[in-house]
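One chain, chain A, appears in both complexes that follow, with chain B as partner in the first and chain C in the second.
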Partner chain A sequence: MISKPKSTNPSLLEIKNLKTYFYSREGVVKAVDGVDFHVKVGEIFGLVGESGCGKSVTSLSILRLVNRPGKVVGGTIQFQGRDLLALSDAEMKQVRGDRISMIFQQSLPSLDPVYPVGDQIVEALLVHNKMNKRQAWDRAVELLNLVGISDPARRARCYPFEFSGGMAQRVMIAIALSCEPDLLIADEPTTALDVTIQAQILELMLELRARLGMAIILITHDLGVVAETADWVAVMYAGRVVEESSVGTLFEEPLHPYTRGLISSIPVLEQDRERLSIIPGVVCDGIDMPAGCKFAPRCQTRVEHSLAICSRREPDLIETSPGHKVRCWLYEDANQPAAVSQTLSGAPA
Partner chain B sequence: MDATPSNTNHLKAGPRAGEYLIDVRQLVKYFPVRGGLLQRTQAYVKAVDGVSFKIKAGETLGLVGESGCGKTTVGRSILRLTSATSGQVLYEGRDVLKASPRELHSLRRNMQIIFQDPCSSLDPRLQIAESVGLPLYVHGMRSARERQEIVLAVLKRVGLEAYHLKHYPHEFSGGQLQRIGIARALTLHPKFIVCDEPVSALDVSIQAQILNLLSDLQGEFGLTYLFVAHNLSVVKHFSDRVAVMYLGKIVEMADRNEIYQHHMHPYTQALMSAIPSPEPGRKRKRIILTGDVPSPLNPPRGCRFHTRCPVAMEQCKQQEPEFREVSPGHWAACWKAG
Partner chain C sequence: MSSNAVAVEELGQTECLRVTPRFRWHPTAVFGLVVFGIIVGASLFASQLSAYDPTHQDILHRMKWPTLQHPFGTDALGRDVLSRIFYGGRQALLISFVSVVISASAGTVLGALASRRAGSLLDEILMRTIDLFLSFPSIIIALMIVGLLKPGFWSLVLALTITGWTPYARLARAVGLEICSQTYVEAATATGESEFLIMRKHILPNTLGPILAQVFLRFGHTLLIIAGLSYLGIGIQPPTPDWGSMLADAQPYMQRLPTLILFPGLVIFITTLSVTLTGQGLMLMFDPQQRRTW
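Moving on to the complex of A and B:
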């Protein structure tokens, strides 16, 4: 299948060669090391990977919320034509919460336990908008209604402990949406929730995107969530993007051995798998990274193809077909991607 | 592997494959809620409210449900890690809940548990060799040297090395810790293991490693599992039979393929349709349940699911449906089933 070209919408966010390092006592942890991707207006962009791959640090870097000992040490983050990394703190404050907002995995700890949730939405509204308290309160109730909380006028006066996990996540979304941002970063928004509640929240996010037209960066480790929600997806491993494409292409024709491994290692309801195929080993240490491809020590495909270069030099992120990028030596010879693809399809899927 | 305890001969020979090893009858666990000046019991959280099932020797029963449905309490009550309020748990015909402390001690040699969070279930100040060898010590088995040998054999079987013996828990990754937790459960060569969300704290690529390991061990040692988890695709992959719990009760139970293809309870259906499918083109028809799970402090009258059920009728609000065998081996508690 030929991958669909990316939608023609203008670009909203462009990240180039982003590097965020943490200077710990044991050494420098290169949590994010040369990440490139761009998000279009109104797009849901999935950022997938396992714990420690740098997906959350990437999102915190966008909002400039990385604290010491962490530091963004290189790259550019162009948002609506401005480099966020070059803005002053005051300018950044204007962007944060207004143009870009974020929701976190744990919604209850992100809310202040001693104020009613309505007040917390009002606070966000008053920071960024010219309106009086009365108007802000009305708007807060409206927002709670928008995210599907029944009896919003009464619920606005309730305290966070009176909400269940799913309801608290709806409140967080209401706060994040209060200034109608152009970009919403959702960091594992449904991981702490039960599946039936997760389905509600994902449905809500899709509906809100359709209604408000904002772009969403959806950070998750759950490939199922990405498959059902995102338009475009980047897979991260050890601080790098290893594969990027439209969602359909990624699942139909995954190229990177890591992506293939991930997809075939999850049990699927519709299929009967006698055994799950596994990715051997564990994610490499952030400090003591292997020299070449970071996935090489766990890569079966490398062994099958007896590629020696993998452990010596790191491959670049190259485009094998329009819109489909992969970081793997198997595809470096761009003239014969089909041949490689054929040899690969023999591998267990 | 020579880990079979020699002094188990006095124990009754276990049932062969196909016979029932575990028989849970009308298990009930209420947690009292205390409050007020005198800390009087004011109400009960009905965590488990009449659960019955049987597990054959060598079989895996998957117990699935959302948080707070009581699935973990069922697992813990079977091992008497929490004392049940009423009901019976028969292990090879002997009632675990009524066993004397001595009997319980010998029963527990055959029943082990693997916890969800391997990090908090290992003592941070004990070396791995000690943690894994502790069950052998507690049951007074073998000399220190023999214990060491058994521990090493078990650790190697789950994929760790000899040099790991002297390490402490904080030096391991989550996947490795879960392997250690499995090793500790195996040292006594049990027949029955409760796996309480063994993979939900792990990354996907590690999850598959652990699931494969558990299934290899089952074949090798003839283990019987109660596999407790919230992820229905994992449960369906791993189990022979699946029981779905909702608010302290089992609402449906059947063979894994039967429950997947011919589920009868609307909750099972909703649970299945809610799992995001990693195949973009093939979206399931989603049934989105409204609202949250009601509080087990005060479960709804009638069918407990009627407040969220898309097909509830008037009868469901009044009368609680009986958990009955609708077709051979397929149990459901729904007025509309069958």
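Moving on to the complex of A and C:
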């Protein structure tokens, strides 16, 4: 893990109070409801949460790719000093793929089956750069080499169906890097890959970050991936950030009951357990949100501490120690979380 | 084989070997193309191949069974059937070709546009228009158009195009809808490509396979409609020889001289079949994933 001095790095992306709602027939689904975070230059920012918590919608909102019936209804997304939500469509096209690019979970379906992969990199290059086809092709082969594809000149002429998932993800990374973006959004880039390939892809992303100096938003539900790669983490639940801190702090001293639940549900090799610990229930559906804390219905800690306020009012995101923010009533008054965390540590028997 | 061996030796260098077999001709396509080529060639060089003027009437030698002088016999006016078959494809093939090209391109573009804008007003208008066209038998619409205008080359092209573009639009929209939901279209949007580029580079090329299959099927179908219109007397007008009108002319003599029906009928059948077979073969040839299966 490369830790960088956080305070000196200028902010690259600042999201404030982002709200993305989906207007369905049954009601308004508040997929993202008041998300704040910022990403610094050259930082790997992990965005963690279970399925349906609004991670992907957040990332699509940044690129303004949310389709009907979804809509970004509030907030600001400051990127390099400009509010992306205020840009015209034409200006936004200039940003997409050039300054911010994205890779998707499904790597093979992200490639158009009718063109050789080299052509697809060329296409991405030509959208934002003034160069001729010959130069673009040479650059495409160079990029394939950069992302670790052997014999790139020959492979560039292969069609996507001739590639494995891991290789296709490398190609997608090559396309994403073609214009040397300042920010790469990786939406579950390794979820569809097996573990060995997963490690290779993560290794590649770390290496490229070191070489090209771009920031990465790494969206994942896999805390292991975050622990290995990210510098800074935000944990999302039901469209909100519930905890945010540096990676080290999050794993050493998780505050939010949901984060604790996530961490304790990771299987540990030495521990001899019959069952993995789980968080009961599922994420609420976004239409009938609980009035108070969105996690309250599933929260065991709330019951143990018999906190009544949880189901009535929603807590704010408060900073308990420098850089460590949490949205939970447990910490609303006490600035010293150690007392509580001791009673909470360890999995339920 | 040797290149594969090298790739395998590069251990740790991972994965893919070249799996696409080399391009080769599919036997069905070859057969279809050869037959269709012969028919087109015969139409092109009709004047060199025919021993007689197709409109020359020789009343003394009318209604003849095939002989050495007249290999396919003569018709009720004493015209040489073989020469008329050589000439009779010219108009029909050309009209069919022109109308299929126009209706396929227009239909595909419209359908693809509708798929990208699914649910919009444009989509709704287009689809209801297609429903309107499909609710009348195409031959009725064609009859009406040719009836209003004077029968001739361009009025036939117009009639066939107006009745012919709807299947392409429907197909392109259906295929386009599926393509629009693919991740690579989303990925293209995420790289900042314009709508036009996405349409031209991703949606249209991916609809091309099914559209091409449809083109070949419809070409044969269009030939049959032209033959039908000529049979009804509003297609290609006499004295220009045409397979369809030859059938119509032969009808009263079906029992006395069945060869008059047999030869033009066979030619229409073989032409349609050869085009369809060509289409099927080409489909298999240009799909690299299919190339391994035969």
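In the analysis below, the second predicted complex is superposed on the first by the 320 of 349 C-alpha atoms of A that agree within 3 Å, B and C clash if a C-alpha of one lies under 4 Å from a C-alpha of the other, contacts with A are read in each partner's own complex, and residues count from 1 in each chain.
We take it that contacts are C-beta pairs under 8 Å (C-beta built on N, C-alpha and C of every residue); 3 or more make two chains touch, one makes a residue touch a chain.
Please read all numbers here as calculations on a predicted model, not as lab measurements.
Engineer: Classify the contacts of A:A124 with the two partner chains as first (chain B alone), second (chain C alone), both, or neither.
Structural biologist: second
Engineer: Name the contact category of A:K93: first (chain B only), second (chain C only), both, or neither.
Structural biologist: In the superposed model, A:K93 contacts chain C only, not chain B.
Engineer: Looking at the overlay, does A:M167 come into contact with chain B only (first), chain C only (second), both, or neither?
Structural biologist: Both partners, chain B and chain C.
Engineer: Would you check which partner chain A:L111 touches, where first means chain B only, second means chain C only, and both and neither mean what they say?
Structural biologist: A:L111 sits against chain C, while chain B stays out of touch.
Engineer: Contacts for A:M289 in the overlay, against chain B (first) and chain C (second): which applies, first, second, both or neither?
Structural biologist: Once the two structures are laid over each other on A, A:M289 reaches no partner at all.
Engineer: In the overlaid three-chain picture, which partner chain does A:A199 touch, first (chain B) or second (chain C), both, or neither?
Structural biologist: first
Engineer: Would you mind listing the overlap between the chain B footprint and the chain C footprint on chain A?
Structural biologist: Residues common to the chain A contacts of chain C and of chain B are 164, 166-167, listed in rising order.
Engineer: Considering only the defined contacts, which chain B positions touch chain A in the complex?
Structural biologist: Going by the criterion above, the answer is residues 66-67, 173, 175-176, 203-209, 211-212, 215, 230-234, 236-238, 257, 260, 270-283, 286, 288-290, 292-293.
Engineer: Could you list, by residue number, the parts of chain A that touch chain B in their complex?
Structural biologist: 50-51, 164, 166-167, 194-200, 202-203, 221-229, 247-248, 251-252, 261-263, 265-270, 272-273, 275-280, 282-283
Engineer: Taking the complex as given, what residues does chain C use to touch chain A?
Structural biologist: For chain C paired with chain A, touching residues are 7, 10, 13-16, 18-20, 182-184, 186-194, 197, 201-202, 205-206, 208, 288-289.
Engineer: Within their complex, state which residues of chain A touch chain C.
Structural biologist: 63, 65, 93-98, 101-102, 104, 106, 109-115, 123-124, 127-128, 150-151, 154-155, 158-159, 161-164, 166-167, 172, 175-176
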